[in-house]
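Naming follows writing order (A, B, C, D and E), and every chain is counted from residue 1.
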Amino acid sequence: AGTSKLDQVLARGKLIVGTGSTNAPWHFKSADNKLQGFDIDIAKIISKALFDNPDKIEFVNQSSDARIPNITTDKVDITCQFLTVTGGRAQQVAFTIPYFREGVGLMTKTGSKRGDYAALKAAGASVNVAVLQNVYAESMVHAALPMAKVAQYDSPDLMYQALNSGRADAAATDQSSISWFIKQNPGKYKDAGYGWNPQTYACAVKRGDQDWLNFVNTALHEAMTGVEFDAYAASYKTWFGVDLAPPKIGFPVEYK
Amino acid sequence: MDFTLGQFLHELWIARAPIVQGLGVTIVAAALAIVTGSILGVGVGLALTYGAKPLRWMTRAYTDFIRGTPVLVLVLASYYILGAAGVQLSPFQAGVLALAVFCSSHVGEIVRGALQAIPVGQIEAAKAIGLTFSQTFLYILLPQAIRQVLPTWVNTAAEMVKASTLLSIIGVGDLLLASQEVISRTFMSLPFYFFAGFLYFTANFAIEHFGRYVERKTKIPS
Amino acid sequence: MDYVLNFSVVWRSFDHLLGGLGLSLLLALGSILIGMAIGLVVSFALISPVAIARNLAGAYVTVTRNTPLLVLVLFTYFALPDLGVRLGDIESFVATLAIYSGGYLAEVFRAGMLSVPKGLSEAGQAIGLTRMQIRFSIIMPIMFRNVLPALGSTVISLFKDTSLAAAIAVPELTYQARKINVESFRVVETWIIASLLYVCTCAVLAMLFRRVERHLAIPR
Amino acid sequence: MDSNILEIRNLHKRFGAVEVLKGIDCSMKQGDVVCVIGSSGSGKTTMLRCINMLEDFDDGSIRIDNQDIGYETRDGVRRRKNEKEIAKQRALTGMAFQQFNLFPHMTATENIMLGLVKVKNMRRDEAHSIAEKWLDRVGLLERRDYYPGQLSGGQQQRVAIARAIAMSPKLMLFDEVTSALDPELVNEVLLVIKDLAREGMTMLLVTHEMRFAFEVSTRVIFMNQGRIGEEGDPREMFLKPKTERLAEFLKSSTFN
Amino acid sequence: MDSNILEIRNLHKRFGAVEVLKGIDCSMKQGDVVCVIGSSGSGKTTMLRCINMLEDFDDGSIRIDNQDIGYETRDGVRRRKNEKEIAKQRALTGMAFQQFNLFPHMTATENIMLGLVKVKNMRRDEAHSIAEKWLDRVGLLERRDYYPGQLSGGQQQRVAIARAIAMSPKLMLFDEVTSALDPELVNEVLLVIKDLAREGMTMLLVTHEMRFAFEVSTRVIFMNQGRIGEEGDPREMFLKPKTERLAEFLKSSTFN
């Protein structure tokens, strides 16, 4: 038997994936208490590649500050949990190829006086912005609204709650989350119409296991460009409401 | 958000299974922690009261360290630091271990107080009829200490139920995490937090009354 | 396991942790002072001959002691604005912890009050002191000395409870530690350092209390 | 004008259903030293406690120095006075207890000063010199800075008496002030009381020390089941008891 | 064979730097009733406590029924026996304490049964009937199911004596068993002890009740400053003390 995680996972017969359960549309529970979301579907694509069965997965529920420690202490084989790729993190874990890219947007309540980006910016220092806790949260907000006061929250529902109770005029968070939230609460919220701060999401595995990393990369790559594209595209449509155009046939786009 | 009571009840009904399951996890985790923590704690209390000096110092350091650390930190340490040391525990096991350790330091102190409150004459009388120390402990000290410990111990049990909320942070699907999962789908945070709070309150209230009941039952007539 | 400890990220942000600890202490100090005032009043109500006062105080103590602090924190912060009471994040946490600690401290004070022999207040009455004078000159000074050990441990556990302020984005010690984790994911190292900070602070608090206890001990 | 210092009329006191004082009438003039004797439970302590309103009473009146204690009758309705007034009236009497009841957190001097400063509103230096005067009188000037825990029982009781007397009460009440003391300490306390008697202090004492009662009192009251059983000159009462009850009681008490 | 039940040789006991027992020699035969008298602090209690190893002692030997108590000397080295053995030896003597020390959470019967069942390994029903026998002997059969808190001091002491005697010790030790009792309760306890004396129980009693010592004992030991000051027939010692110390001690004790 090989020493790679790949062999271990195959021998075990199931994949152990670290992810969360409280962030729609990435990873959250359905009404019948099943884990679902875009991260979950990515994990299923990897399982399919391993076992030709998308459901041979054991999910380990983890909070967002547990994402990297659970890899480094071998609690999980892989983490798929809207993990933003950064240089610092890449020194601790090995990132797979990315499976999504997005930016930050601003969400406001419908009917609010400071309903759009221009109004928010004009209001200057009297604007309160709620954001998810992060080291660069403050500078991120200030990149768009230089004067705004920033309040950082532990979980998205607290952030939305702050917006709802009027503690914050706007919530700055991932565009994906904003679109999901607006869709779930029709008519109550709106996108302030400004996006910035691009970031890339990738899965992460333990460093120093090239076989395993190659395998996952291959699986993800073929989901976005090859045989599993339909599964990827279907998931994308479900969670982001967008139909993807199929990849161009012919010369592989990678070598252009 | 704006919603009616009816909407909340509807969502609550949909989410009944995970919430009941979360409540179950909370109760089992707290119960396991209380039981193992209390057994450990009796040992700690004994060592603190009757242990040889080095043992007494070690247990003193143990209790002081544990009691000085927020439970949240104990939970994380038990999960990650033990993991780093090669002991792989599931989140549930690690969480219960942390709570039990926390509980043991508190019970240890309580037991020490109770043991020290028993008049020395009791030990001497037991010695005088020829009982060994372990017999003395089992038949004379423990039964008296338990009665004295009961009210404080009940408080500790309630504390454990509250502290079990912190297990959600390492991914144990307790009542709080179950509620948060529902909230992340429905965005009804206040009602579900309060519903969870109400359940916690009810659980603790029941514990409190059970404690009073046992206290009445075990009261020594005089 | 081959996890290698690396404290450098933590040292880089150590002043953030210390600043967080300072804020934790301030939060604890503010809320416990208010909590002590609440606890004192409630404890007098708990032993009052007036049944309504006793029952109200009893209900207050039951609710605060049996509800997780986190729920109370979220209530003050998110629900009270709907009812027209809007406090800043620090104020709202201090208010919550004060109310929460009031329940615990009331019980501590009540026990202390019952430990003051009844004869002493009668002696006070006999020389013509009013009820208030007896409370302030006789009962409270003695009660305060009696409860110091219990008060010490309550204060220490309330200090640790300030870690929940992180949930509403008050940048105290736990919040700072989690912030470092989000950045570096050096969770083990960060929590080791943070917990040492907590333990040391608690030890210092305990020492202070023992010193006060010794200082105030009545010579005999 | 009524020259009586104490005037009790038809005093009744119930604890729940049990009537403990069943109509006491009694008066004392300036300089009287009255000893109350009687078997346990006959109501001696209760009578003393009513006199300075440590217990409310149900019927009858107590007048000290021509003031109605505790209650006033207006338009035929009996009303308890308010707490402030009652507190002031309590300072008309001084009381020494069986258990001393010194304030453990105050030195001997501070114990005595408290009432002077808080009730009589004296300046501290004035109160201080009065406290020292009385400590000297009870032979404890050297111990002025000792805490009660550092004094013997006899010394504590002497401080307690000094604390009561320093308030210059019209009437001193003593409730078995020696019965919690070791035999060898009894005398030092009795000597202090004798001394006060000699100086004309008006005193009402409950005591079990028959010889002392015999020596010090101008009058003796024998309480029996909540009533005054017999009352009169100590010599006559002790040597020629009129009632059988008293004769019996005297026989059972040691006369040493 | 040595027919002495108790044989103390050169017993020394120190508390820190203070030598409390300075060489006690004493022996008792079957049926002896020895009273130990002496002023406070002379070491009476300490001697009793050494005899059943509630205190370790520093030098000398105590033999009960030809067994060395607490220590053994092998190859010239004095060694404390192990706890198990000492526990067993403690059952050779019975002890009654000043403070009774009944187990508050057990009824009278259970108090007596505990040692029988746990130390003597008796069956419960056998232990039960022995307990009842002894409760009957001390006149408390009706109270067998009462808890100590429901009994008067005198009754508690009688149960405590029954508890000790029920273990059929070779020697009974009594340490001032009546001095925590109200005067009217003393007699009931003394009667029980007299009764045991009459039946030939070997007993060593520390007591302050001189008349009782006079009446009940076959021999009296007068302890003085950690030594045996005088020893002999009660009649001779009480009426014609040989040493000045004893004469003085007897004068200061009331003989009632």
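As a working rule, contacts are C-beta pairs under 8 Å (C-beta built on N, C-alpha and C of every residue); 3 or more make two chains touch, one makes a residue touch a chain.
All values reported here derive from a predicted model rather than from experimental measurement.
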For chain E, the least number of touch steps when starting out from chain C: 2
Identity of the chain that, by mean CA position, is farthest from chain D: A
Whole-Å separation of chain centres (CA-atom averages), chain D against chain E: 46
Inter-centroid spacing, chain C versus chain A (mean Cα positions, whole Å): 39
Whole-Å gap between the CA centroids of chain B and chain D: 54
Cα-centroid distance, chain A relative to chain E, in whole angstrom: 82
For chain B, residues contacting two or more additional chains: 80, 83-84, 189-190
Shared interface positions of chain C, touching two or more other chains: 1, 3, 74, 78-79, 187-188
Which chain pairs touch, all of them: A-B, A-C, B-C, B-E, C-D
Residues of chain E that touch chain B when the two form their complex: 52-54, 83-84, 87-91, 93-95, 97, 99, 101-105, 114-115, 118-119, 146-150, 160, 163-164, 167
Chain B residues within the chain C interface of the complex: 64-65, 67-74, 76-77, 80-81, 83-86, 155, 158, 162, 165, 176, 189-190, 193-194, 196-197, 200-201, 204-205, 208
Residues of chain B defined as touching chain E within the complex: 119, 121-122, 124-133, 135, 139-140, 143-144, 147, 220-222
Chain C to chain B touching residues, read off their complex: 1, 3, 5, 62-63, 65-72, 74-75, 78-79, 153, 156, 160-161, 163, 174, 187-188, 191-192, 194-195, 198-203, 206
Contact set on chain A toward chain B in their complex: 21-24, 28-31, 33, 60-63, 66, 69, 73-75, 155-158, 160-161, 164, 181, 184-185, 188
